[in-house]
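Shared between the two complexes below is chain A, which pairs with chain B and chain C, respectively.
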Partner chain A sequence: MRSDGGSAAVTVIVLLPLLLVVTTGVLQLGALRVLASRVATAADLATLAAVDDQDEAELVRSGGFRLAPDATAVARRFFALNLATLADELATSPDAAAADADVAAFPNVPALDPLTGWRYERPTVRIAAAVPVRTPAFGTLLLPRTTVVNVRAASAAR
Partner chain B sequence: MLVALLSLALFAQPAAAWDPFADDDFDPGPYTPPDRAPFVIPEDVYLVTEVYTGNAVTTAGETTTYSTTTERDTPGTYARVIDVVGTGSGSAFDGASFNGRTNLPDGRQVAGTYYEDFVVTSGGLVSVNIVFFQDDRETRIGASSSPVPTPAPTPVPQPSARPTPVIAVVPVAPTPRPVATPEPAPEPPPPPPAPRVATAAVALARDGAALAQIDLLRGRSVHLWPRAFLDGIPARVRTWRLVSGTADVVSRRDGGAAESCDVMWLTLPPVGTVWTLRFEVTSDEIPGRTLTATIGVAVRSPALGE
Partner chain C sequence: MVVILVPLLFGVIEFGWLYQRWLAAESVAAHAARYAGELGGDDPALRVYIARELGAVGIDPARVTIEVVPARVGWREPIRVSVRSQERVDLPFLFSAPIAITATAVARGELAR
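Moving on, here comes the complex of A and B:
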């Protein structure tokens, strides 16, 4: 009776690297997806913070809602603060990522966003950012160690 | 029988009636037209005994009287009443009279009588003009003015055999009498002062603009300043009181000119809901009155774009 122990060993030796590659790739992709979601959340919260203020002079003058004059600066600042919690996983500094972000305010509505094609019916603050994040597992697979996460967020007072 | 019939046929001649005037040589003479019927002045046409000289507007106390001035004269012309109009009522002869028809300060036309004037020619009465005799009065009561209902003036015939109402005449001669030149009417009395309008509103600053509605972010405190206005000019507020409407945070429900009502909403209303706050405002410049000021508040909150 012949033994198939050698055959199993060969199979394991041959398939184990492939299994490791697949497992590593899946884990990194999952981590990247979670990271991308957190970056998107950071952008969402930054736009919400920027919209959660209104122009005092306009309120007194007309009673209407108008974005605060520093809405874009507030959005950028809060984006950086929110990214700071992910600093270890970013391939750049939070401030640099926020500085590179495209932050725009649309105080006059209706407005069409030329970058995203979105149409705004209320005064809106929008962030469009490309945030590089670390993906070391991909490096072990001979893939880029840095992956760029693109996020877009917009908020308005409703 | 046959002979008899032939005889009748041969000797028959037409019968001729007897003419009693056949031998008379009658001459009717030359044709003379009948005498003209004497011209009779119609019953509704009167001989003019007074002529129009102008319009008069006199004011006594609160009453303004619109009348017509005349002078005694008998130019030999005739006139008749063609329309009697009341205050503000139109006439088919409006614009046809040479002296026009005056308007009351409120724009309505005065009451009066339209007369048509005639001269007698060989062809009868010939119309020469139309004149309006105004007869109205207006009494102002307080700030509003309204003409006292005056019955439409009725021409009163003279008790003589031939009535002679007061009417105007424009002679047809090339040198017309200056009877059709109305005197310049006196200046109408100045309109009474307009009633003063007192209003109240709410502003977001002590001297801020009055606002009907504001868009306010949830959790943001805002200072509401009830304000009073007299003829659109700010009046100093003596007291104010929040009488209806509420917010999650209200600093005070009444106050004076130096205090504002600070409010804040922490909860979001249903979509489309507008909170309404109503204040009662008093002012020393508007004594005895309590003004109402309202403001709508739409509470908003940031939200992500869809």
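Moving on, here comes the complex of A and C:
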């Protein structure tokens, strides 16, 4: 009875580069998935911070919600603060990423967001951002070392 | 052959597990930051909340370090909550190493004192 152990070993050795490429890609994709989630969380927290602060005079006067005048500035500031917690993973500075983000306030409702097509029934702040992140393992596979993560987040006053 | 395939297989499994816990810690940090903003800073209720949430996602709170900065936040000021968990990656035939995962979130103080 002949053993086929030798041919299996040859097969593995021949396929080893492919296995390593696949494994490296899988691990980098997993890390990218985590990073994308962290960027999305940063955008979520930023829009929440912006709409948490209501125009109190309007609330007292009419009982209605109205966004604070600095809502978009607050959203941008908190987006930068949250991105700063993953600065090492970004291919740009947190401040630059936040500055490049499309931040919009929709104080008058109902409103239709021309960028996303979302319809808002309450005063809303929305962030749409394209954040470049480092993906060094992709670089070893001759793919781009930087991947752009696109995020969209919106929060409404309630 | 086994010394090649087994570490590769375990690498995918172990890192998948690690990423899952990282995402879970990230979610806990985000919710904790918002709660800290409501409470006005660090508070025993916040610690209890974080421990409960970590337990719910399968992370042992005893192996987690929590940092809340500042401990007392002013209205509309940023408050940062960090959850640092000590995890472990074991790859047969290759290495076994501790890995620290850190999840941090920044929210806004909502308590007008």
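Heads up, the rule we're going with is that the second predicted complex is superposed on the first by the 146 of 158 C-alpha atoms of A that agree within 3 Å, B and C clash if a C-alpha of one lies under 4 Å from a C-alpha of the other, contacts with A are read in each partner's own complex, and residues count from 1 in each chain.
Following the convention adopted for this analysis, a contact is a pair of C-beta atoms (placed from the backbone, for glycine too) under 8 Å apart; a residue touches a chain by one contact, two chains touch by 3 or more.
This one's a predicted model, so the numbers in the text were calculated from it and none came from an experiment.
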Combined model on chain A where chain B meets chain C, clash or fit: fit
A:16 touches, of chain B and chain C: first, second, both or neither? second
Partner chain(s) touched by A:87 [first = chain B, second = chain C, both, neither]: neither
Partner chain(s) touched by A:65 [first = chain B, second = chain C, both, neither]: first
Partner chain in contact with A:78 - chain B first, chain C second, else both or neither: second
Which superposed partner A:154 touches (first chain B, second chain C, both, neither): first
Which of chain B and chain C A:124 touches, first, second, both or neither: first
Which superposed partner A:51 touches (first chain B, second chain C, both, neither): first
Superposition-derived angle with apex at the Cα centre of chain A and sides reaching chain B and chain C, degrees in steps of 10: 100
Chain C versus chain B - closest C-alpha approach in the superposed model, Å: 6
Where chain A meets both chain C and chain B, residue numbers: 44, 48-49, 52-53
Chain A-touching residues of chain B, taken from the complex the two chains share: 203-205, 208-209, 211-217, 220, 222, 271, 300-305
Contacting residues of chain C [partner chain A, same complex]: 1, 4-5, 8, 11-12, 15-16, 19, 22-23, 26-27, 30, 33-34, 37, 76, 78, 80, 82, 103-108, 110
Complex interface listing, chain A residues touching chain B: 44, 47-49, 51-54, 59-65, 118, 120, 124, 126, 153-158
Residue ranges of chain A in contact with chain C within the complex: 8-9, 12, 16, 19-20, 23, 26-27, 30-31, 33-34, 37-38, 41, 44-45, 48-49, 52-53, 74, 78, 81-82, 84-86
